[in-house]
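Next come two complexes built around chain A: one with chain B, the other with chain C.
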Partner chain A sequence: MAYEPTPLLSIRNLSLSFSDPVTRKENSILSRLSFDIRDGEVFGIVGESGSGKTILSLAIAGLLPETAKITAGEIIFRGQNLLSLSPKARRDLLGREIGMIFQEPLSSLNPLISVGKHLEEVITAHPDASTPKETRGMRKTRILEMLAHVGFHDPGRIYRAFPHQLSGGQRQRALIAGALLLKPSLLIADEPTTALDTVTQTQILDQLRRISQSFSLSVLFISHDLKIMEKMCDRLAVLHNRRIVECDATYEVLHSPGHPHTAALLRGARLDIRGAEVARPAPPAGAVPLYRIEALSAGYTTTAFRGATNEAQVLDQVSLRILPGEILGLIGSSGCGKTTLARVMTGLLPGSTGRIYENEELVADFSLKKRIRKSPVGLVFQDPYNSLNPYKTVGWLLEEPLRVNHLHPQKDRRERVLTMMAQVGLPKRYIDSYPHQLSGGQRQRVALAISLMLSPSLIIADEPVSSLDVTVQSQILQLLHDINRRSGVAFLLITHDLRVIRAICDRVAVMDSGKIVETGRIGDVIHSPKMPVTKLLTEQI
Partner chain B sequence: MNYFLRRILQLIGTLFVVSLITFAAFYIIPGDPARVILGPEATEAQVEALREELGLNRSMLQTFSDWLTGTLRGDLGESLIFRQPVTDLVAQKIPVTLTIAAMSIFMTIIAAFPLGIAAARKPGKFADQLISVIGHFFLAFPPIVLALVITLLLGLTFKLFIAGEYVSYTDSISGFIASLFFPSIAVAIPKIAVFQKFIRTSIIAERSKDYVRTAKSHGLSNMMVMIRHILPNSLVPIITVLSIVASEILGGVLVVEMVFNIPGISRLLIFGIENRDYPLTAGIVLYLAVMTVIVYFVADILHSLVDPRIRLK
Partner chain C sequence: MQRIIRFRNHSIFLILGGVFVGIVLFCALISIIYLPDDPMATNSMTKLAAPSADHLFGCDHEGRDVLSRVILGSRPTVIISLLGILIALLLGMLLGSAAGYFGGAPDHFLMLISDSIMAFPGILLALVFVAVIGKGLPGLIFGLGIVFAPSYARIFRTGIRQLKDREYILLARLIGVKPPRILFVHLFPGLVPQLAPAIVVGIANMAMAEAGLSYLGQGVQIPQPSLGNMLMEGQSYLVYAPWIIIFPSIYLLFYVLGMYFLSEGVRMKFKTGGV
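Up next is the complex of A and B:
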């Protein structure tokens, strides 16, 4: 038998359940999980939302919410079963032996105290970790060293800074510094870069990889993103349906998946919708555009405390054509003005100058501060959790556009709602369900159905899949694609993810700092990008 | 500095409007101070002569502008009935009122925090429910009823204090405080009931924030997480509510003074209103308005001390 060193962390047959506070029913969340994390390795756990990844990390840390209960199994850390330790002994391991970082760097720091205070707490919470006569100055030196180590060029400024003075990426770095300050042997990283933009994401991940090597740190890395996993992890476990369905070296898992769910995740990550179908032929040059936006500028005026106004120009002379029946992708990094454009087009925000035409007929001239008429544009938002009124049923929500516009007699409306539900693939039985009873994908289907109720000629979908799991993403994109083909409604699909654009769009417009910098057929733009911004975006895929 | 300047301008604006309304009220409500002073026996000519002497025949705007120019010089004028400077009259009585208010605010703070924290520890469990039930019970009492109950029960039945006895601060400071103790409790109790509930809610809301998880992951004990992270963050909304509670307490004190027969500002105020003594009433109202504005001002400063995101601009 080959020599196997004792693993740093060993999870043995771990089962965990939630007890419902009202019904007292036990809901099993994790069932008989077993895996080892070796010294110095980066171990990944991938799974869709709700698969129990985060609960697992909290169980290891001993920070489970009161409603969660470990029903069986052991968590063995350095040969010691953590579940048999006293709460105080477990707490002492946190920060000293086990460090943690989380998904939401923006809200994970106490807004009232400086970064330096946060880090100092880690040291003072573990009194014997430092020599008894360590002074404040010595602590500060250690903290500054660690801040420099996680990539800050001016640790002194960061030490004094309050959280609101730092960007998301800087805050996550500061949190990494806190987690690593006492040189723990295990770092639990729960989706540490999901909330950050792609450039920052790459920097943080590189840093983590480098640090884990230089500290010979073991990392439990949790994510839903296979691309990140491929880059980060030595070994990978796939969590699905409460169990680990596959666990092997990352390369093996990703290149010869042994479980259908892993294969589904990989397919989902590719977002292969069109299959063999190529992008539709280019429309004739003289075609009348469905919408034409001409030199549109817009911005926000914020009224600061007492009168002083602040004007921020977001859109700068944007011109764009949307052709009948096409799917036009609008891509750009966060904050470039994509959503502002959607808001102006739907009439939620006035522009400052520029014109909008529908079928070459003027519908808005902002230079004259005039919107001639509202255009029936449908809207689908990013967040299906918050964009549906939680107190109304699916049927009520779908009927609302007809009701407020006094369309169709009341008795016919329900029939129309049911027809629409069938079109977006929602089973009839959900008509009396409330949004919270539906999954994220189903909610997004409801949102799409609502936007279709008034038969618009254009639907603007603002990041419609970015908060969904990969397998659900491809289902929703498939649906958008099918609806477009079936009913001929045009889509303006706004996203920061070129994979989404590539999956279903005919043409793409690239936006950067409030300007459209490049437009073209999807294949042309992806294969021969002209502008540097576009090149950066194409490197993502 | 800019902040303080703007704050003072706001204060002046508020006070101007408050005093204008007070004056207008006197011209709308019927009643004649000259008649009050001379009594029912006086002839119409005598009353008219006194009206002339007191300057009551002038228009409201003129009276107001005279009063205003005096006030700007620090002179609140003379009471029509007492024939003494309003500032002197108020200066005699206001320490009593302010002491009760300060004691009530202090009691509210020291009682509400432990209760709110205790209730927030395990929401829905026994301690929380008990505090909540008792809180609702006292919340249902108007301060005036509570004052009567305290007088009857603690004063007359249990003889913990002598009902209606008041010791002046010129005689004995400790006796003065002691005689105001129960009136202050009467004002404080309903406020404690409201305030502890707000503290509870605010702590529970903060406890589920992400930074609390971070602090726990750093190995901090529950006690340290509460003291260093949850409490300071919940203070931000608590200070706002405390400033509202404190200004309500000022109003509550006026009522309770009457019930406990304490010679504070409330008797002077009611006397001034009843006898249409407009300089006296306007002076008192002005003092009370200044107090309220100061309370909000202090709340702003506390906010900026607690929260680095708030800068006084």
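Up next is the complex of A and C:
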């Protein structure tokens, strides 16, 4: 028999449900989960949003909300069933033996308290019997050591800093330091890098991996991103439909998936789009561009105290051509001005200088009013939760563009709405649904349909898939691709993710601090990037 | 309130409030077609008479039937509080929406007006408006309406400022919706959860303000009865004939407390409804 070490944490037949406060109906979230975490390993749990990953982590930490109830099973930590412990004993365990870091580092920190104070509180909240007379100075030394451990070069400055003075990555590292201060044996990391940009993400993950090894710390790592999982985890469990459908060594899971859902997740992570390989013939060299932007500059003016103005230049002499019927990708790291460009082009942001030509005709006025009448530009936002009015039904939202522009007689409008819903793959029955009754992917379909109602020649999609699950991502990209091929509407696809660009774009433009630094056919840019920024971006994949 | 009673369900508040307010509204309506006795007829025989089978609520210092006067007196309270709130709401909507939607200079100017109204004690300002517009119902309705408007203007302004940069509003502008339609059709439904309880509480506060003004002799004019001026008239006889004051007070209490219950119920309903 093979040697089986005693697990640090083992979950046995854990079932958990939510009870609705009004109807008192039990709603099962997790059903009969069982898995072990061994000493010193990084154990990953992957699943789509809403699969119960976070609730599982809260159950282990003993931080479940009032409405959640564990209906069956055991959580055994070092041979002790946590569920039979008193609340006080569990609280004591949390922090000392089990550390935790969350997705959004800013909301875990009190803005009025310095990082050092936060970390000191971790120590004072768990008085240690072995070192009863620890002075403030000793505590500070411990904290500074830990800050250095998590990769800060100047721990003294970080110790004094307040949360808002740190970047997202620094905050997350400070929180990791806090979670590790008491040398726990298990660290629960719930999507710790999802809110960070890709470069920082890599740094944090490397640090976590290193720390896990040097402290022989077990990590329960929760994420929806298989790419990260592959780098981080020794073993991987796939959570789907309230159960663990697969649990094995990471390599095994990723290279020979034993469950169809795992395979679907893997396909999603690759963003395979059917028919995308069939490249459209390149338009003739002299083709008239649909849009030609020349020397476009824009910025925001904020009025500070006593009328002093603060100008921030966001776009700096941007020039760009969008050809009819193409999908042009615009890629750049966060804050480089991609969204501002989208707002200027749609006319939502006034006060820019430069020239925009539409079919080689100068658009004299950037303001919204004139744009709409001539030729509307569609816009799809990143967050489908914010881009649909929560008080209106899908049918109403889709009809609104026709109504306000007096298009089509009233009796035909519903018919048009149904046709459009079919085109974007929304079943008819959703016509009277409210946005909160739809999933993220369905909302994004509605948002796209609203833009398509006015039959625009260009749709700007601003990070249309980055807040969606991987499997849904590829569905939405497939839809964008199909609509582009079917109706010939051009897309400007804004994203920070080169995989998205590679999946459906014909050409790509690379943006860096307000400038377009490189444009070209997708293959050329990926395989022989000219600029250092592009190289950095291509290394992600 | 919540900490003491801790109802989990909003319907208990809605039912209680509905019953209380319903009683007062029913009386105000019935007074149009039926009154148990002539509320104006003085009678020296029944001066300060205690409650009896003939006069359920007793009689006042002029021998007038208190029950009839209370029923009739609830009419101005209801009319003024409902119409007054309508005026306040309309004014608040205009000022607040303009300030919130356009921002900048209009916002500063309109909020300056609103803040200066708010800086005065409400009753004092209402007295001034009543003096200018004239005593009687129209004066009261407009006076109180103006005094109450700023608090609604604030709700509209903050609500619109929060919502107008939401992406769904940007999208609405992009597909060509004009500002008035954006305000009325796209934005206002989002304000209802904050607005509805504030309106109901406003009705209660307005009823109290009306009673206060009438008590001071600046509201509904004697001999026309109102809950407020009955309190004023009855206070000299408090020791001998407390019923003159007690019954109108209970009436006002029903209306105000009922409205507070309703507003709590509405607030909780929107909270648990969770759009």
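In the analysis below, the second predicted complex is superposed on the first by the 520 of 541 C-alpha atoms of A that agree within 3 Å, B and C clash if a C-alpha of one lies under 4 Å from a C-alpha of the other, contacts with A are read in each partner's own complex, and residues count from 1 in each chain.
In this text, contacts are C-beta pairs under 8 Å (C-beta built on N, C-alpha and C of every residue); 3 or more make two chains touch, one makes a residue touch a chain.
Small disclaimer: the values here were computed from a predicted structure and weren't measured.
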Touched partner set for A:348, first chain B, second chain C, both or neither: second
Contacts of A:386 with chain B and chain C, given as first, second, both or neither: second
Which superposed partner A:93 touches (first chain B, second chain C, both, neither): first
Touching partner for A:125 - first (chain B), second (chain C), both, neither: first
Partner chain(s) touched by A:108 [first = chain B, second = chain C, both, neither]: first
Which superposed partner A:401 touches (first chain B, second chain C, both, neither): second
Touching partner for A:472 - first (chain B), second (chain C), both, neither: neither
Chain B and chain C contact sites that coincide on chain A, given as residue numbers: none
Chain B residues touching chain A - in the complex, by the definition given at the top: 6, 209-211, 213-221, 224, 228-229, 232-233, 306-309, 313
Chain A partner contacts - residues on chain C that touch it in the complex: 8, 166-178, 181, 186, 189-190, 272, 275
Chain A - residues contacting chain C, complex: 21-22, 346-348, 368, 372-373, 376-379, 381, 383, 386-392, 400-401, 404-405, 434, 436, 447, 450-451, 453-454
Of all residues in chain A, those that touch chain B in their complex: 61, 63, 88, 91-96, 99-100, 102, 104, 107-114, 118, 121-122, 125-126, 162, 164, 175, 178-179, 305-306
